[in-house]
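Listed next: structures, encoded as structure tokens.
There are two complexes below, and they share subunit A, which is joined by subunit B in the first and by subunit C in the second.
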Partner chain A sequence: MAMELDAAQNPNPNPDPPISAYYQTRADHHAVVSSDWLAHAAAAASSVTDTDADAAPPPSPGGNGGGVIEEFNMWRRKPEAAEAVAAIMALTAVIRSSRATTMMELEIELKKASDKLKSWDATSISLSAACDLFMRFVTRTSHLEHEKFDAAKSRLIERGEKFGEISLKARKTIAMLSQDFILDGCTMLVHGYSRVVLEILKLAASNRKLFRVLCTEGRPDRTGLRMSNEIAALGIPVKVLIDSAVAYSMDEIDMIFVGADGVVESGGIINMMGTYQIALVAHSMNKPLYVAAESYKFARLYPLDQKDMTPAHRPIDFGVPVPAGVEIETSARDYTPPQYLTLLLTDLGVLTPSVVSDELIQLYL
Partner chain B sequence: MDLRRPPRSTSGGVEPKIRQVGFVTPDVSGPSELPAVAALQPGPAAGSPPASDLSPGSLSPVMIPPPRHADHLSPGSPSPPASEAILASSAPQPSSMRFDAASELAEDDSRSMAPSAGELETNKGDLADTQNEGAPVSQKQKPSKAERRAIQEAQRAAKAAAKEAGLSGKSTGAPSGANPAVSKQAKSAKASQKKDVPPAANTVASEKKVTERLPERDRKKDAPHPRMQFDDVHRVEKAKKRAIVNQSEARNRVELFRHLPQYVHGTQLPDLESKFFQLEPIHPSVYKVGLQYLSGEVSGGNGRCIAMLLSFREAIKDYSTPPNKTLSRDLTAKISSYVSFFIECRPLSISMGNAIRFLKNRIAKLPLTLSESEAKASLQSDIDRFINEKIVVADQVIVSHAITKVRDGDVLLTYGSSSVVEMILDHAHELGRKFRVIVVDSRPKLEGQGLLRRLVAKGINCTYTHINAVSYIMHEVTRVFLGASSILSNGTVYSRVGTASVAMVAHALGIPVLVCCEAYKFHERVQLDSICANELGDPDVISKVPGRADLDHLKNWTDKENLQLLNLTYDATPSDYVSMIITDYGMLPPTSVPVIVREYRKEQLWV
Partner chain C sequence: MPDVQPLVSDFVLKLKRRKVEGSHAVARQTAELLRSVVSQHRMGNTNQAAALADAIRAVGEHLIAANPIELAVGNIVRRVLHIIKEEDISSTAVGIEGLSVTAVSDDEYDSGNDDRPTLSAAVLASHARNTLRAPSLQTLLDDIPVSTALSHSASSAGDSDGKTGDKSLKTRKLKHDVIAAIGDLIEEIDTCYDQISEQAVELIHQNEVILTLGRSRTVKEFLYAAKEKKRSFRVFVAEGAPRYQGHVLAKELVEKGVQTTVITDSAVFAMISRVNMVIVGAHAIMANGGVIAPIGMNMVALAAQRHAVPFVVVAGSHKLCPLYPHNPEVLLNELKSPSDLLDFGEFSNCMNFSTQDGTPLLDVVNPTFDYVPPKLVSLFVTDSGGHSPSYIYRLISEYYSADDLGVRRMSSS
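Here is the complex of A and B:
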């Protein structure tokens, strides 16, 4: 609300209005990312890790929060790392550096750290989902073990690291599962800059499949241009469409791949603005829509309509000053109900949307 | 055992609620028996000669039966043993008796009705053969049938002249022309046969079946019975002796709903009240709750379930094991008898059925080492825990989930009066959310008026309308909150009649429909329409509008043969119209109900 008032008063809405930090991160990443840079960055980050771990501030009962955020930021800056994975790594580090002597204390510390992370960006669904998942993981472990605290703690650390590993590997798993869906000679549409989808395309290209990709421009995130850059680097023929041209091109499209910011309990997804539109067009023209999402993105949310989510805003630059008194819709994401999704490709397997709730129930109840 | 429905006949039997269409080949012990039987009993077994070609027990498509022979029952000695052999191999006694009666009816009706009807009757005759195997009693009918045919023919002719015959009319109203002596003799012979039925059958089951079958007796003289009816007088009398609630005739039944117990409760209340102190076997608190069901004082899934459980709790408290009996078995039998009493007052709701299953489970799981007082105390605490966890606390959890979906400026629509939805609205109001409520109501129960009064008393902004205006009012609505009597495995919501219409209109306008239901009400059965299982209410309330004595066009509706009034209590809302189900396990899509049933049942084992 406040943001839109600002936009009304300022002819040039500037990035001062509260931007969802989640999208800010991605903007930072995506502004300069290229494949080469990725490699450099990864190398640099790994060397940074060692020094950072040593320099982690000594934890005090109340000061853990700050440590978590720093740790989190450190992991997050790796362009390859998903935010959720970074959170999990950070929480594992909290356990590692914790000075608690009982399980209860440890759990309380973790809870505080987790809340701190979640509040850092209230709009990121995968972040809060991953935090919840990790907490759940931990509490389940702690209830089952009756051993000494140290043994339990090291077990927790081990579990946490394994969780982080699985999450990192999730993309590879999903890429492998998706290969069956990409046939030679097919045309696919991608929307949004999803690293999972990119992984899928990489694997398909390396398997020497022949296909071509249509890529939406993806305003305001400018994802289309970046994505097409990446895809072209893989040697796959790519064509960029403006967002309005999706229905126009839907005839020649065989399938659509999108990622997800979060997968909700109904089986629907929350993803970059424009996904719902594409899903509706695809549904009416009977084209399958595949969502590639890691399992830690399953969240216990249940939006009933588009406005039922925590709003996340992006500044939109139209290139020309917007007249005063004109509002701009700046929401960065939308909700696609499950009936428009064909399949979810996750590291748990290829699932139908109704299975998401099943998984969540099994995990949380 | 699911007590909400009469127990299935175990083997070879037909589920009572299924309409029999076509011929069922007899399930015989040996193929050589068949031709003998067929030759000797072409009447009831009219379909069997062609049917014997098919594998035993298979349902063959409708076949044209060979013409009936007048002298088919030259009662020779081979006939009874042969039929006895065939009849000896069927299992269920109640259904055997039922089809037994039907086979007689088949014979009667075949005389007076059109051949097409006769086909149905012979069909039932086949079924009689199938089902009668194993009842050592039935074969004695063969000789008496031959005797009584003439009498019954005359009786039927006389009955055809009467407008309505009471149940007892068949026996007492034997009109002129019938030989009372012979008929009485025949009927007493039948009565003795009936009494010969081994008591192995679950008496509760047969009692339940009887009381349910009784009111379904056809009033329309010419319409063929689509189902097996208990027209036999002795059966009726026996059931009447057993039944605590007097079952009187129901009139003008709707064809499509004849498989459901017809509404006969209207006149029972004074009768039962007078019997209050006379009924030894029924505990007074159980009796009281039964009366409350009859009068409609206690209604609503949660209310009825809680009342029932509390009455059981009292009964258990006052219970003492008779000598030479184990507590668990005797108590289970007692509870079953209480349950059948409740069913006589008003058919069980699904919530009640689940609670009864839980209680029986707990009784069965009592360790044998417990003393009687310990066992009783444990059961009472189990009941308290069930009520607390599954209903009271569950409601609180549901409210806490649902409150996240109520925003400022919302217009919430609700239908009828659901206890959970009322709690949600109260809580939202307490939290200071700004919203208004539209209460949609419908005749004849007008349950929404009570809800409206209570909401307005709390200061909530309300609008009230009837269901005919639901499509008009739906444009203003942002969310629809509905309660449910139960949610079935395929996500179908089984709730007060009218709910489906409200959900459908909301769906058509893209308005989210939120169904709030505690998890203990979930059930694993699947229902595709509102017809196969439902509850029929009193048709008389439809014919009258309270406060409008001038609207009496339907005053004499029972006199009109072509007019039937239908008062359904429940309907089934398909899962497509439901956006979300809110339970104590959280907010779920309708597709996740079987998951909860699976997990919930598992949990019950450890409860």
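Here is the complex of A and C:
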């Protein structure tokens, strides 16, 4: 059943390697779609239009099992909702429609649903982290408060539905915490499109701080262009760099802010391709690198090197046809080890990377 | 609180004029002052803990502003706020447990009904305990509107007790507990040297060569303790220009019969290859594990790192500061009088204000502190044991509550 669904709904039926649904969503939400981009897209490999069409698979109302993924897809498309929120909303929907009469049954049902979700898009770290977090919450709630089953169930549903608010509140908290780090007259570099980082900049601008932002272009989906557009709209002076100009500009940069797709147990982060090399350059030039990430992105992963992750691929548009017989690196993300990160700004407070494993151990052991 | 006002303004003046300096003296006097603030505070009938905390905040704000470089002031203010919160919660938790007990004893027959209140009271108590802790992944999904849960539990406890005699007893109890806890804190500040020194024998081995810079009482006691335990070792003392406190330390060590060598600060790199361990004091330990220390320390730390010599910082827990250093070299620094460097009159012809545009050609800068980043520190020895820099956040979450970090911001809102 899971395999069928996989084939039916994963936004790319044929290609080799399969395209990461997570990065597909990100591109849909945050990439710049200009006339120029569309022209490039048309000129480039035809697979791009293919994936565009596939990104919205027809909702096929299936049985009990298909519901999770549909619900998840529905939420995933909302540009304001984070992936984790979508996951938790989907699991909440499972609880609501569940006909289980005991906590144990409900837990088993949820476990199945969350496994299905996770295997549907193995490339999304925040999806699996959010599923784990919610499962943990369910188990803990049922153990802590020996209330009646109905009461416990409605409490779970209520908490699950509040998660969207929690996510928004987390972003606000992070923005507040980060204000001390932004000094008047500083220049910061941001990489890729991150809602948290944007929230930080928004708050800083409304606090009348004077600073300048350099923004990477964020190839291949040009999320950086979208970011720079929104930063400029806030009235903050912004300059766009091509991704390869980071080292060139590093001497005028005072600090670097990046978001994260996931924070792993070592305290390192998994983020959009290019973060690792920015971190290396920053480290060698002694510039602080701050990661802004909500705590529900803490994932129980321990990548040992760059290749030690589920590969996430995405289509790359080079503008011109790629010469025949040339291989293309299509990975969408890289892993930045903790020693290159200065601090993590999370809704749990400002943390050093070593705190992440502590938090995860507390929760899951 | 009119009686303490002169005390407060007196201390503020002392801080402003730099009459009180050094984290130990400052921490101790702040704690004593806050203790008298608490004891003079008139307790109202409702929301006593919050009122008390507000009073402390109002005083703390002035104290912190008087000398923002003395981070120990802020540390103690936050510690006291944390103490108030802790005592309040422990007293309400007791109240809740009492409530649930009475509920059970009242209707013994209706066992189906009294299941609920008991449990929910227990849940409330656990939530109350949770509010003390820093936010964590565990509590991310739990929804505890902190204030309402607390005030609800407090009011329900009050309703059940009813009698006013009980209430005033409770009031006095909170105040008494807080004063006692501040007393413990003062005790802790005073005994931190002993606690730290106890660990000396484990760290200093026979025939080792120790390097230190300037003079720190904590370091002195640490070395004394090792000497008393019959360790024989040699100490290099960098003199600590421009105040040359190292000379004083050298004399004190020699009195106790410790083999001592005085070197200039600039000789640290030359001597470091013969050193087994660097032990220094600190002005403050920041939340990221960085250290604010007397000037010249960063150089020593870099020298130690270059030769892979362990760099150990000894400091009492009152020096633990829950803030993150932002541009510490400038913002957390103090420029002292140039008289430390130059004798008056010596360079008077260079300081002629009539030349050029009215600014003298010679400028003298005399900063007090250095910032040592956490990656250069091997170990912190505090009264609670040895910790690595990445563990400092844990100590901080133990001693302070997360919402007290900005003392000022809280009171204004």
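To be clear about the criterion, the second predicted complex is superposed on the first by the 312 of 365 C-alpha atoms of A that agree within 3 Å, B and C clash if a C-alpha of one lies under 4 Å from a C-alpha of the other, contacts with A are read in each partner's own complex, and residues count from 1 in each chain.
By our rule, a residue touches a chain if its C-beta (ideal position, glycine included) is under 8 Å from a C-beta of that chain, and two chains touch if they have at least 3 such contacts.
Predicted, not measured: the structure shown is a model, and the values here were computed from it.
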Could you let me know whether more residues of subunit A are touched by subunit B or by subunit C?
C
Once the shared chain is lined up, is A:S354 touching subunit B (first), subunit C (second), both, or neither of them?
both
Partner chain(s) touched by A:F137 [first = subunit B, second = subunit C, both, neither]
second
In the overlay, answer first, second, both or neither for which of subunit B and subunit C A:R195 touches.
neither
First (subunit B), second (subunit C), both or neither touched by A:R159
second
Taking the superposition on A as described, I'd like to know which of subunit B and subunit C A:R77 touches: first, second, both or neither.
neither
Contacts of A:R212 with subunit B and subunit C, given as first, second, both or neither:
neither
Looking at the overlay, does A:R96 come into contact with subunit B only (first), subunit C only (second), both, or neither?
neither
Intersection of the subunit A residues that touch subunit B with those that touch subunit C
354, 358, 362
Give every residue of subunit C touching subunit A within the complex, in rising order.
119, 123, 126, 134-138, 140-143, 287-289, 324, 326-327, 374, 390-391, 393-394, 402
Contact set on subunit B toward subunit A in their complex
405, 479, 512, 514, 579-580, 585-589, 591-592, 595-596, 599
Can you list the residues on subunit A that touch subunit C in the complex?
133-134, 137, 140, 144-147, 159, 162-163, 166, 180-181, 183, 295-296, 298, 343, 347-355, 358-360, 362-363
List the residues on subunit A that touch subunit B in their complex, please.
265-267, 300, 302, 304-305, 308, 338, 354, 357-358, 361-362, 364-365
